[in-house]
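The two complexes that follow have subunit A in common; it is paired with subunit B in the first and with subunit C in the second.
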Partner chain A sequence: MIVALAVAAVTVASLVVGSLGVRHARTTANFLVASRAVRPRWNAAAVCGDTLSAASYLGLAGLVLAAGLDMVWFPVGWAAGFVVMALFVVAPLRRFGAYTIPEFLRDRLDDRRIGRTVACVIPIIGLIYLLAQLKGAGVVVEALIGAPYWVGVVAVVVIVVVNLLSGGMRAVTSAQGFQFILIAVGVLVPVTVLLAVWFASDRPGPQDGVPVFDEDSAVTYAAATTVVVDVDTEARVSGTIDGDPYETAVVLPAGQHDVGSGTTVTWPAGTPVPHETTITAVSADDWNQVGDAGDTPGGQATYVAYSLLVASAVGLAGLPHILVRFTTNATGGQARRTAVIVLGFVAVYYSALPIYGALGRQVAPDLLSTGGTDSVMLVVPQRIVGGTPGELLVAIVAVGAVAAFLSTAAGVMIASAGALSHDLLGGGIRWFPHATIAAGAVAIPLGLLVESVDISILVGWSTAIAASSITPVLLLSLWWPGLTATGALASIVVGTTTATLAVLASVTGLSQRSTPWLDTLLAAPAAWTVPLAVVTAVVVSRRSGRPVAGVERMFARMHVPDRLRPESGPAAPVVGHPRTAR
Partner chain B sequence: MRPPEARRPLSMLHDLANGMSAGLDTGSARLVVSAGRRLLGVGAAALADAEAVLATDGTMPGAEQLLSRTQAVLARAPGTAPQRYRAGALDVLAHPLVVASAPVAVLHVVAEPAARRGDELTAYCGLVSHFLALAELDTSRRLVESAELRALRAELSPHFLHNCLTAISGFIATDPEKAEDLLSTFAEFLRAGFRYRTDHSTLAQEIRLVEIYLELEQARFGERFDVGLRVSPEALSVPVPFLTVQPVVENAIRHGLERRAGRGRLRIRIDDRGAEVHVSVEDDGVGTDPAALERALAGTGDTRHLGILAVDERLRSAYGPAYGLVVATAPDAGTLVTMRIPKHRRRA
Partner chain C sequence: MDDDDLMAGPRQVVMHPSTAAARRQAHVRAAATVHGVRASPADVADLLRRQRALAVRYGLFLLAVVALLPVILSMIDTPPPGWPAGWPAPAWFAVPGGALATFYLLASSHRRRAARLEDTWLAGHSETPEGL
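For the complex of A and B:
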């Protein structure tokens, strides 16, 4: 009950904060306070509010629970993404002055086709990223109030669309910053309490080997699930197994079993946890080790790790809703400082998340059996603390999760609908409402389809496409004067097509019919699609004649440091001079 | 393999036209000389004006000799025929470049079969002269535009300046400290108004200007109206043309609130709307007849609304015809002026 109330409260609060009390409101009495632009630290909080999504919040802990420390490559890659942005992207982009990525590429390369093409790619990336948030919403609602998965999906889409249309929840800096505070509290406070309780109490240490039920454990399978039983096991079953109804103790022979939806199986103490088929049972040694081959698609752990790193490190700069945030900074230098502060924030945040996965392996191994690993953060607090304090911790986690997927969903929606209306249809923001409704209408059915896909996988696809389509051209146009419009266009087309086809082959399962290596290449495409896009851009640019006219002037505008620009220094009161004190 | 001088004359001309868009300097002179050398098929060429040799390509006479020959040709203005002279072993043709019937520079080419090159040289010099004339036109167009802008801006203040000084002088006896304060505020406002060199400003600066202006107006009117200012901080760093908000506020006070009986309200809102910023200025003053205002904005009616007319033109010239002012008003119904400002302006 506490949980449901808290979630309702935060939903309402974040909507209200978005529309009220977030602007500098001034009256005659105090309007001589100098007009202040957004400070880097507060903007960094807003960037985090936009970036830290259901993927990192729920998904990462779930992945660590299932597959072990290999999955820490995800947050390492995301953090590396901010290093790339701080070093190479945000400052020159801010100095150029463009507001959206399509606008920047159009003006930098002096070609309208580029802007339109990118405006078509952005909604694809945004949509997949949005699906990850919807999956997160479905999981949270399912875990908290037991409502079916679709309720969360539909609720988030409706809330976000209605609010964008009514102008309530715009991507206002202070609202996003507020969301980040909720997210950070939602992760850090419970983890501190849980670790304290864990070490204070006399818990059994980590087990060797694969996870085993400590005590007799009743596990309820909400959805129909196929599990792999390792050894012949006598379990109490209430429901259906392999199509037959039972209300008794049953001996389940080793092998695969279909558990019907709503079935409760009480596994005896000492049983190795029967894993859901898509999750590989991992021994403690493998779980602790980075680079073990057993738990990655195609078994090429090293390749997959590098590909993930490339996708997230390079792809972050190509996610449309994050770069926009940096245009709020007054100068290029401040934009860069913002990115550095973000790095500090996410470092703390990302370090806390795998702890939930590790704790979950000790206290909630049943999630490996039901396949509901994405809900581990919501389950662990009650298993360790219990009672009302436990429920309170769950409420804190849930509030953070709601903040994470609401703010990210809104940010992605704004960026995608904005690209469609502003950059593709060219109507300023006139088409924004239509584009928003269209995006929402497409998102709901797709959101229902991805129920069985891990959140982090969805985000991985989205960043892989962003990394292959937008980032190469973005980086080259910021740093290589020789890039031509034709080269950029070819690169975007090649990068988008290869990455999207790879993802499609992977999501439809087509790739599994090929060789393991090909399957691996398709499941984690960034390591080859990103270089391919870069090479395409360079080769086609070299062959397509002269660079863009006036490129030297644009490079001076992007790269001359702020302090060397007399006319466009910081937005400090240029018209002001020290006023006599009253 | 084609000889290099036959390669892509059109693209050479294209480069030349681009390079000369800013007029004649050493960079564009080098283009004129090298393109001329190739297009005319001569061994060497040079370009000089009355002061200096701007560019040389190939073996040409010394700088001093080129300069004296140049001055001789320029002195024979407005003749446009080539002159021939010998310098040591070189046979040189000199042809003036003429802009608006005044010779501005001289192109020298070494021409061994010189007789054959005379016509082509005249044609080429004529072409280059055209480019120069275009560049000059462009410059003067820009000058006219900025002069117009300045004229419109100069229109903004005198009325207000006079009222301010009167208000401040009223305080000198009763509240000298406040008078001093207001005077320094006034100086700040003037300084902003004199900032002719850069026409770009940011919304933060525009708001500061509005604040200064309001402080001065409040000194005049005391508490005759409330002011509410709501600004999204995201919008502050957005670049705008200089003086876009203050004239609208001034219009609201002079034509709306000043004439109204009792206490009025002025609401200024600056909202962040993604790719655009929306600025609205609303007063509950006397309002205007919309038809009269429309005539004024079209430039055919009375000229009392010159301030917002200037803003309207500045916005349209900066962002295109879709971005003019929107004014909602009626007699006794107050006035609401809104403008949309794209965060990013495509630069020419």
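For the complex of A and C:
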């Protein structure tokens, strides 16, 4: 009850705060860049609200529970992505003055094809990222209040669309800043209490080997699940196993078993925790160290680690919904300051999240059996504290989770709707409401389809495409005058195609039919697709003739300090925006 | 086009970003006088080179940190003996936490140096308009 009330409260509060942030949301600048009046600290909070999604909030703790130290590559890579943004992207991008990424690339390269192509790629990246948030919403609402999966999906889309229609980026900025505060509280307060309780009580230390049940444990499988039992085990079953109904003790031989929906199995103390088939049983030694080759595709753990780092670092720097947030600052210098503040926030946040996974391995190993590792943050407080205080902690975590997927979904929707309305349909804010509603209408059925797809797969796919398509062209256009429209177009096509095909081959299992190395390369493609996209851009640009006319003016716009004293002069000789100068 | 090409040509006026945004509005577009900034292409090219060198230097440092992290972690073959207070080895938290703190310090230092570089450039930048 407490949890349901908390979820309802945060939903209403997000709508109210968003509406309070709206004053005069009528122009394109209001809708897409919040009038460029957002201060660094508040924008940093909004960037964090945008970035810290359901995947990082719930997914990371779950990944650490299942696989251990290998999974810290994700937060390290994401944080490295903000360093890349601070060093190379945010200041010149803001100084250029474009509303959206397609508009920036179109004007920088003086080619409408680029703008349209990127405006098509951005909604694809955004949609995949949005589906991860919808999956998180469905799972959380289902776990917390017992509502069907579709309720969470539909509710998030409706709330976000209403928020966007009310005031675009201005409304979203207010809501995301507020939601980040909820996210930070949702992570830091419970983990502080849990650590205090853990250290105050005489808890047993971590077990060696694979996790085992330390007492007789009744595990209920809400959905049909296939589990791997490592040793012959006599367990009490209430439900169906391998299609046969039982209400008694059964000897389950080592191997795979199909557990029916709603079945409760009481595993005896000392039994190695049976693990769901997609989860590898990891011993304490392997869980606690990096580079465990046995559980990585193709067995090339070091390559996979580097590729994950590239995908998350370079991919984050190319995620449109995060990039556009930095265009809401007043100056390039403020955008750079915003990125630094973001790094301070996420360093604390990402350091706290794995602790839930570590605690989960001690007190909630049964999640490895049901496959519900994504819910570890919601389970651990009850297992360690219990009672009403435990329920309060769960409510705080739940509020943060709801805030996480609401804020990220809003950011992704506004970036996608902005690209569609401003760059593809060319109608500015006239088409913004239509694009927002269309994006929501497409997202709902697809969100229902991805119920069985892992959140981390969806996020990995979108970051791999962003890393291979947007980031190389963005970095080169900001720092290399020689980039041509043809070179950029070739790079986007090659990067998008190779990353998408590699991910599809991996997701469909086609890659596993090839050699181990090829399997590895396809499962973690960023380490080769990103360099390939860069090389394509450079080679094609060098072969496709002279660079863009007036490139020196554009570089002046991007790199001249904000503090250069403005002067007035006659319009004709002034180097203005490429479109106004034409 | 090479960077040297940026140095060619007479002084030009480069719009202030807020002016550039305002120019999108039709009523401003029609105005006879605009608010902008003056900068020599040669000065801008020099500034670009220095900004790029600074960013690349910090980028290489970031690359070194990121590249070394898997190597350092893979050298921890086994957890250290004894898990303090029943907790996983300190390296488990210290190494990623250390990397995140390093990232913050890196970006913070770059921001300060980039601002100083721009201040220095502004101090040496002639505000005397030419060719207008």
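The rule is simple: the second predicted complex is superposed on the first by the 535 of 582 C-alpha atoms of A that agree within 3 Å, B and C clash if a C-alpha of one lies under 4 Å from a C-alpha of the other, contacts with A are read in each partner's own complex, and residues count from 1 in each chain.
Definition applied: contacts are C-beta pairs under 8 Å (C-beta built on N, C-alpha and C of every residue); 3 or more make two chains touch, one makes a residue touch a chain.
Small disclaimer: the values here were computed from a predicted structure and weren't measured.
Of the two partner chains placed by the overlay, only subunit B lies in contact with A:N329; subunit C stays clear of it. Look at A:G97: by the touch rule set out above, it reaches both subunit B and subunit C. When both complexes are overlaid on chain A, the residue A:R543 reaches neither subunit B nor subunit C. Greater residue coverage of subunit A by touch, when subunit B is weighed against subunit C, goes to C.
Once the two complexes are overlaid on the shared chain, A:H422 sits against subunit B while remaining clear of subunit C.
Annotation: subunit A residues 28, 36, 97, 330-331, 567-568, 571, 573-577, 579-580 touch subunit B in one complex and subunit C in the other. Of all residues in subunit A, only 28-29, 36, 69, 72-73, 75-77, 79-80, 82-84, 86-88, 91, 94-97, 198-199, 203-206, 284-285, 288-291, 302, 305-306, 309, 313, 330-333, 336-337, 339-340, 343-344, 346-347, 350-351, 354-355, 358, 362, 479, 481-482, 546-547, 551-553, 555-557, 559-571, 573-577, 579-580 touch subunit C in the complex they form. Put simply, subunit B touches subunit A in their complex at residues 18, 177, 180-181, 184-185, 188, 191-192, 195, 198, 200, 202, 204-205, 207-209, 211-212, 214-215, 218, 226-234, 236-237, 239, 271-276, 322, 340, 342-347.
Contacts from subunit A toward subunit B in the complex involve residues 22-28, 31-32, 34-38, 97-100, 103, 107, 170-174, 327-331, 414, 418, 422, 428-429, 432, 549, 567-568, 571, 573-577, 579-580, 582. Interface residues of subunit C facing subunit A in the complex, by the touch rule stated above, are 1-3, 5-6, 9, 12-21, 23-24, 29, 31-39, 41, 44-45, 47-48, 51-52, 55, 58-59, 62, 66-67, 69-70, 73-74, 76-79, 83, 85-89, 92-93, 95-97, 99-101, 103-104, 106-108, 110-111, 114-115, 118-119, 121-122, 125, 127, 129, 131-132.
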